[in-house]
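Chains here go by letter, A, B and C, matching the order in which they are written, and residues are numbered from 1 within each.
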Amino acid sequence: MSVLSAAIHGTAAFPLDVSLRAEPGITVVFGPSGSGKSTLMRAILGAIRPSAGRIALGERVLFDSERGIDVPLRHRRVGIVFQDAEPFPHMDARRNVAFGVRSGDRARRADSWLARVGASALAARRGAVLSGGERQRIALARALAAEPEALLLDEPLSGLELASREQVGALLRTLRREARIPFVLVTHDPREALRLGDRLVYLERGRVVAEGTPAELLAPGGAAAHAAGSTNWLRATVIEIRSDEARVDLGGTVVVTGPLPAPPGTIVDLALPAEEPILARGEVAGVSARNSLPGIVSSLTEREGVVSVIVATPVPLRIHVTPESARELGLAPGVKVIVLVKATAFRP
Amino acid sequence: MIAAALSLSVQVAIVATILVTIAGTLTGRALARRAFRGREVVDTLLTLPLVLPPTVTGYALLVLLGRSGLGLPIPFTWVACVVAAAVMSFPLMHRAARVAFEELDPRHTLTAASLGATRLRSFFAVELPLARRGLAAGIALSFARGLGEFGATLLLAGNIPGRTQTLPLAVYEASLTGDDRAALLLCLLLTGVSIAVLLLVARIGRSR
Amino acid sequence: MIAAVVLAALIATAVSLKKPMDEAIAAFSAKVPGEKLEIEAAASGVIVSQVEHGAPVDLFLSASPVEMDRVARTGRLIEGSRRALATNRLVIVARKGLAPPASFDDLMDPRFKRIAIGNPKTVPAGRYADQTIRKEELIGTIERRLVFGENVRQVLDYVVRGEADAGIVYATDVKLGGGDVVPGPTIDATLHDPVIYEAAIVKGEGTARAEAFLEFLTSPAGLSILAANGFGPPPAP
């Protein structure tokens, strides 16, 4: 079983100081731009040499500054799928996928992998005519056909349109199950992290600040939440759908949302901007909002003229109010409030 | 005189272009890959023949390679024609190659390496095909430049009919001796070949 | 009185006459200050081509009557201005460190791998050399070893530099090579056309000034400058 462990202490271009351990499954490296995610990825790949540290994949040591080991990139068996990268434009999809196949009938292996990613029909096509989603599938097939012992992914879903994102995301989850190697996925998009990650490592300014599951770190109040912006990233199970609205379970709290293209039982990711909900101290009658959620204030923070209130409904929700409103309503931890949210505020 | 000059010019241009293609591709790629201290100084030195007067370059070559320098048996031979044409057209190939490799998306080479390709395989299977348009344009321009080379050739190879008298030198001599008919014919030949080369470059640029 | 721009008269001279012409211009300007003269030196064949294409040459000094005839055919020479100035001899020189040929035929010796002469098509000295080689029936053997200079000074330069093992230049050029060339035999004048330098005035703007200078050249003062540089006197008419 291959476990990727990377301890990196400094690189020439960036003050990275990280210790990472990735087991088979998808490990998300999450952080704002400039946090060192790219540098970390390149160091594992072998494109950058750390000043000090140790990188090992299973029993193989790829880099060890103390023992002077630095395995060249092409021998590391670490695959990579870049963001927006094209397959080699001068080759068709089949030849692309066959490029890294080490043994056996390369064309047959390539076709087999193309089938696994659902791109058999594209075998003879070249780069220019492919859509973003198609290119990512081929890039995935190409990387995996070379039988790497670990796979690095650089924001694989960003730059894709919604439908492709769903498909490629689903493909990644399937491949992760089948491949049984560590996938390290680098992103700053909380949705990608929530959708794909088994574990999340939160990087800030070159250091690991927190580790855990994506859900717990990205929930309001979680260690990575402020890097996720002021949006509430919620994972919900669909309970019921109708033509003009749906009911979902946020994990104890049921809310009404706008229509969703997913059958009951599926898990969907929803974004609720913190500016959307309205807080009330008592019951309010006759409002147009479809959701009226009772909750208790668990924390208040004021930053840059905005008060960020976290209310446990019991699912924690972050709500932004003005300092005046917070004062007028007498908001403080422990205070009971009602959270009013329009159905359409929950964005898929 | 015309046939000899044409035949010599074409042979010289072909040989010079082959040499220049290999050398220019390697130097262009080397300078494109990595930024190092003094990179632009090296590039300037390699591009000198492009900006120096051809007679200056020819003279420098004569002093360097002839009896007063390395003593190689090059001056006044067709090898000198090749050397002059190659030295004068090299900067064009180098420039074109450097740009072509600089425009290569580096992620392609990283990906190729991650897939296990050796540096050699990566160069031939990925980099060269991706850079081929820029390289092809460089080759065509170098060929045209080598074909039309005059000043350096005159100094290094001399103007010996049948041996080192290339098309441009023949034009020069025909005009000096008042043989306007021959001069005109040679000019048309040279112009025709140059136009053909430029059209070829344009076509390469448009295709694929 | 209307102020006039004093245009220089342009003298185009064969390369071998450059040095004495510089001296002559200096002497002339000392005698007749205010006369502006400019000088250009090139192979006679090159000058002819320039004049044929309309270059503003006022006085043409050629190393051979053949080039002068070419200019005369264009009708641009002033009637009666053409006259002979001087004569010269051809000499074989060898590069430093090599024993010069004992005779003209000795050029066949393998130690002379490269022999420089002027381009016979454009350089009179080259034409004279070519005539001599053919008269001596050596053209078959030597042809492959010949390299051409674009003017006689370049021929000398090849020998000085060692690019050529031997060269055929004018007797007046030998001194210019200094210690870098070894003088060899003077070539028998009957083997080639006589080396006669001619001068003529070309129709144009500087005619008056050119005439004045030509008068000076053919005067005892001018002729003595030529003699001092090693040129022979003009043939008796």
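Here, a contact is a pair of C-beta atoms (placed from the backbone, for glycine too) under 8 Å apart; a residue touches a chain by one contact, two chains touch by 3 or more.
All figures in this text were calculated on a predicted structure; none of them were measured in a lab.
Ranked by how close its mean Cα position lies to the mean of all protein Cα atoms, the top chain is B. The highest number of C-beta contact pairs joins the chains A-B. Farthest from chain C, judged by the mean position of CA atoms in each chain, is A.
Remark: chain A and chain B have CA centroids separated by 52 Å (rounded to whole angstrom). The geometric centre of chain B is 38 Å away from that of chain C, both derived from CA atoms. In this assembly, the C-alpha centroid of chain A lies 88 Å from the C-alpha centroid of chain C.
Chain C meets chain B in the complex at residues 45-46, 48-49, 52, 70, 114, 119, 121-122, 146-150, 161-163.
For chain B in complex with chain A, the residues that touch the partner chain are 105, 107-108, 110-119, 125-126, 129-130. Looking at the complex, you find that chain A touches chain B at residues 45-47, 72-80, 82, 85-86, 88-90, 99-100, 102, 142-143, 146, 148. Those residues of chain B that touch chain C in the shared complex are 62, 66-68, 75-76, 154, 158-160, 173, 175-178.
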